[in-house]
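So, here come the structures, one by one.
Heads up, the next two complexes both have subunit A, just with different partners, subunit B and then subunit C.
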Partner chain A sequence: MNWIELIIKIIIWPPLWQLIVLGLIVPLVVVIGILWFERKTAARVQRRFGPLHVSPQLGGALQLIADLMRYAFQEVIIPKTVDKGVFLLAPLTALVLSIVPLVAVPFTSVARWWPIPMDYSVLISLALSTVSAIFIVLASWASNNKFSIIGGMRESYMITAYEIAIIISILSTAAMTLSYNFVDVVNAQEGWKWFAVLNPLAFLAAFIGVLMATSGFPFEIPESENEVVAGPYTEYSGLLYGVNMGAAYIKRFVYSVLITLAFFGGWLPYHPGTGFLSGYLYPSIIVVVKATILMAIFSFLRAVYGRYRLDQALDFAWKILFPLALFGLGLGILEAYLGLI
Partner chain B sequence: MSARISGISGKVGFNDLKQLPGFWTRKLGKDLYEVFIGPQHPGSGHMRIIIRVDGDVIVEADPDMGYVHRTMEKLGEGREWIKGIPLYERMAIHDACNVTLPYVEAVEKLLGIEPPLRAKYLRVLLCEINRIAAFLYGFGIFGVFVGHSTMYMWPFGDREVWVELADWLTGARLTHSYPIFGGVRRDAPEGFTDSLRKAIRYMRKRLEEYRKIYVDNPVIRARLEDVGVIPRNLAIELGITGPNLRASGVEYDVRYNAPYEVYDELDFEIPVFQEGDSLARVWQRVEEIKQSLHILEQVADWLDKHKGEQIMHDRFWKTAPPLYKKVFQETGRVKLVPVFALLKVPKGKAYARAETARGEISYYVESNGANKPYRVRIVSASARNAIVFKYILPGHRVMDLPTIYGSIDYFPPEGDR
Partner chain C sequence: MPPKPVPKTKPKRGIFHKFKGNLEAIIVGVKYFFDPERFTLVYPKEYTKLREGYRGFIVLIKDKCIHCASCARICPASAMKMIRIPQKDPKTGKTKMVMWPVINYQRCIFCGMCVDVCPTEALYHVPYHDVVYENLAEMDIDLESFTKPPEYKTAKEGIPVRYVIDEEKGLVKVPYKEGEEK
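Then we have the complex of A and B:
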């Protein structure tokens, strides 16, 4: 084995591949595409051109890269009044923790290409996906700014509201397949029996829950510009602000991957082989493409809706979304009992 | 209490803060959180609203205006009469004709002249174009305040139609300086009324689309309904004015109650809503745009029937050099007659008022016979509306602040003068 083979082996080692390539590089590319799509569609609805100045031949697609470079080279201002250690660490921790759930989900049915054993992957990935939000609240508290703290409080209210709906509705797929293994969940959707069709209630609850979790319209409440400037991120500037934004988009990507696996048949209808290309790369691409389409739908809603008030959103979450998720769970159990799966 | 001041703790001690220039403290009630919204805040205009919140509910609100005060009344005393017009329209540049018209009328009263009828119609024409443009501007700001980005972009795009029309009529997009003593500065160009009718048809269609995506949007309705209710008696007590007053059920519009220019010859209605909440204020403005479009149609018809009539009072027009008259005959355009630079207004006092997009504006003008005003006192609509924040914000949630602020359509430069 020479050193080139060794490097390739390290790169395609599943834990590293899923953390770095699928967790960092792919979301970056996807987010660039999605943000461009979001801005272009919103511009079309609003009868504007949207980004045009950077790379006019590509329709301004490189605008986000220009913005990223600006963020990267901007001065990071750390105000005197912040709790410096937490202020610096919180966004970085949130970024890393928002990627981590990707290591606990399968992108293929071949056991060789799993980062960890997948027996309880539904539970583990859901549990890991809830951790990063705490650090957003922490960042807001460390900022020691009134708008940050109000934003952080709103974020924490929203966490309690959306998390339970997402978890219950995705767990309903575990109930349908009588397994906590994501591979079983995906394989049960063989033959276009996507759970989004079989259990639309749970899918709807998960979809709206993710919309709330990622501050999508009409639930863009913690960062609502006209009341709390930038919410928890008010005091952040330069690269740290970029990291915060990146963490938010990676979170949206991770949730989209979870929904894809749970409700849209993951890598199906493709059947993975054993090699790296057929067994790992192709199914990963299929999952990412499905997740990207889902993200595009999330993004489009901004052109249509305003934002709900915080109490209205919480009202909605507890009185409609939570029962909806429970009904989804019930429907899943009923279908499993009747043997429809 | 010291630890709670401004929420600042940690390394910077309270005693350090007290030494900072301009820093002062105030005792807060138990569990109250004081938030300064503005003057540099994406959700405030050029003003500050100090709110004290208990949890998520505002218990006290203090509108703190004056950040764009430009001493207009004092500046006006040092300028010739005609220079007052471009000065006072800086109060609300997108509503320029409406805010300067009463000044022109008051000076005309002192001079004892009456502008020709065509000039009056042209003034009304620009006033209504300005009114629509100002309402659309307010819609755009309101749209982005409740997070509706489409409603931010659409009215600003459609406002361009009216701004371009005003540009064509007067030569300036915003600060038109169109009405002058004894008439107007220019006649309507050839083909103007046809474009105006086209714009009216377009605007009617667009208002329907606004209703679909914004006013009847369930999310927006949930945000606006029963939020920021100004009861009828409170509206009268606080002396608020304009569409906000009419949305609270008071039938009061200067165009109707004390008609100026040719408003008494035109057929239009004063829409009134009883609810007094933010949604009613949006509907009020939509209905007022419809009435303005109706007025514009009549004005366009009248202008077509009376082409080529005089647009300036004889007293000034007869002093114009022959070249001016020749150019006017050929193009309908004319420079300011030189006599205005030396104009002396007879001694006396005059008062005039008009309905701007944001409410009633009134001018008290006093002359001591010199070529500059002795005193010009302005009470603008926004200045009268600002007080409302203090009384209707308490009891609402923090997220209702931009909703109410946007629905009042408060314009700080107009309020601060």
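Then we have the complex of A and C:
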């Protein structure tokens, strides 16, 4: 019995719970569901069926498992011309670094179940969330392929465009609550005063920024299939390509969690208790469900939009999105000054 | 005198034009998401019921043929050919060579000119096209099988459907009922 208790104790240790269970296992399950949803939604909107023949009763859901198996067992081809060490390390580093922001994200208001003290968690998680994109550029550089390098350059243009908008718009919630603590930000949204309603400008800026950050569909510019083969991931095959895609989707999941906490009240209709179940598991589930719904909305947009050109996207980012984020910040400060929060 | 060039006028766009366009696109997407009108043909389970006069595979009625070779002459793809087959004349009892048309479906473009040109209406179209051949040589039809409609299996197992153009929804797939208009 001691062994089982020890294992449970290790699993519910907050850093491990948040980085491995909530950061790796839950996103894997969520991503399979979201990919299925994405394909079926695009098919519904475009009046097709989508994946169907593999398991007609489940709506073709097993197709995704089959695709996963294909990526897992395909041969990993490493071309002679690549910089081998960087080529292998870059996707893995990007995967790990895309999970890391979750360490500074509180999934509950009980101090016992935080991985680190949460006094500056908004700043820390936003700072950590921007690191992994550098390794995508690095992977494209190490690939030594013209399509990869074009994709990497596009990615680097996009990073500079979206990062400021996301950071300013999420920091506007810090300005509204006069605190860098995510727990304070969530607790300020008590009583359905969600910041997405109170400050829609900042929410819209953050939403579009996350779409750009994760190559969501109107801004799927670095990986656009019909221009540059797969962008930074052109030379990758098999499991390494899967790791790249996984990193992109985990990044989207992490950003969704950040937006959920900042704008959708986190765990809020529920008040965490002190034990593991009531204090940690249930709030985590609520946050994950909200983030999943947000991801579903992201993937719904794929069905509606075509792709912007790079110059159009940058134009949009600097001329509309950045001022929008600034207006959101101003609106947040104004609301805090008027005492609406 | 050349026509005067008309300057292109851009439609007037307000401040919220882009926002409105995005919103409209999303609303259309949501509408289709909740009420999808799929027109994918799930082929073995469904097949399109073809209209009368559909130009499918061609069959010869041997009794009506007068061996005139008009069909072979008009064929634009040289798919139809006349072959000579020895045959006994019932009146005189002599054996003589008689010409019969045969068709090669590797070349046929299903234009239907042979059916139109036939003076005795000895050729007709069957109203289906989903026939499977195992190799190319099989598609070169001999006289014996040219007189019978080709066999087909897959389409018989499904539900017949038909595509109609709806006033509101555009192209719509509806199940076909027996005895409907032609």
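Heads up, the rule we're going with is that the second predicted complex is superposed on the first by the 340 of 341 C-alpha atoms of A that agree within 3 Å, B and C clash if a C-alpha of one lies under 4 Å from a C-alpha of the other, contacts with A are read in each partner's own complex, and residues count from 1 in each chain.
Just so it is clear, a contact is a pair of C-beta atoms (placed from the backbone, for glycine too) under 8 Å apart; a residue touches a chain by one contact, two chains touch by 3 or more.
This one's a predicted model, so the numbers in the text were calculated from it and none came from an experiment.
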Query raised in the report: When the two structures are superposed on subunit A, do subunit B and subunit C clash or fit side by side?
Result: clash
Query raised in the report: Does the superposition put A:305 against subunit B (first), subunit C (second), both, or neither?
Result: both
Query raised in the report: What's your read, subunit B or subunit C touching more residues of subunit A?
Result: B
Requested in this report: Scan A:47 for contacts with subunit B and subunit C and give back first, second, both or neither.
Outcome: both
Requested in this report: Tell me which partner A:80 touches in the superposition: subunit B (first), subunit C (second), both or neither.
Outcome: first
Query raised in the report: So which positions on subunit A get touched by both subunit B and subunit C?
Result: 45-48, 303-305
Query raised in the report: What does subunit C use to touch subunit A in their complex?
Result: 25-26, 28-29, 32-33, 36-40, 42
Query - In the complex, subunit A residues that touch subunit B - result: 42, 45-48, 80-83, 144-147, 149-150, 217-218, 220-221, 224-227, 229, 302-312
Query - Touching residues (chain side subunit B, partner subunit A) in the complex - result: 6-12, 33-37, 41-43, 56, 143-154, 157, 213, 217, 219-220, 222-223, 397-402
Query raised in the report: Given the complex with subunit C, which residues does subunit A contribute to the contact?
Result: 41, 44-49, 52, 300-301, 303-305
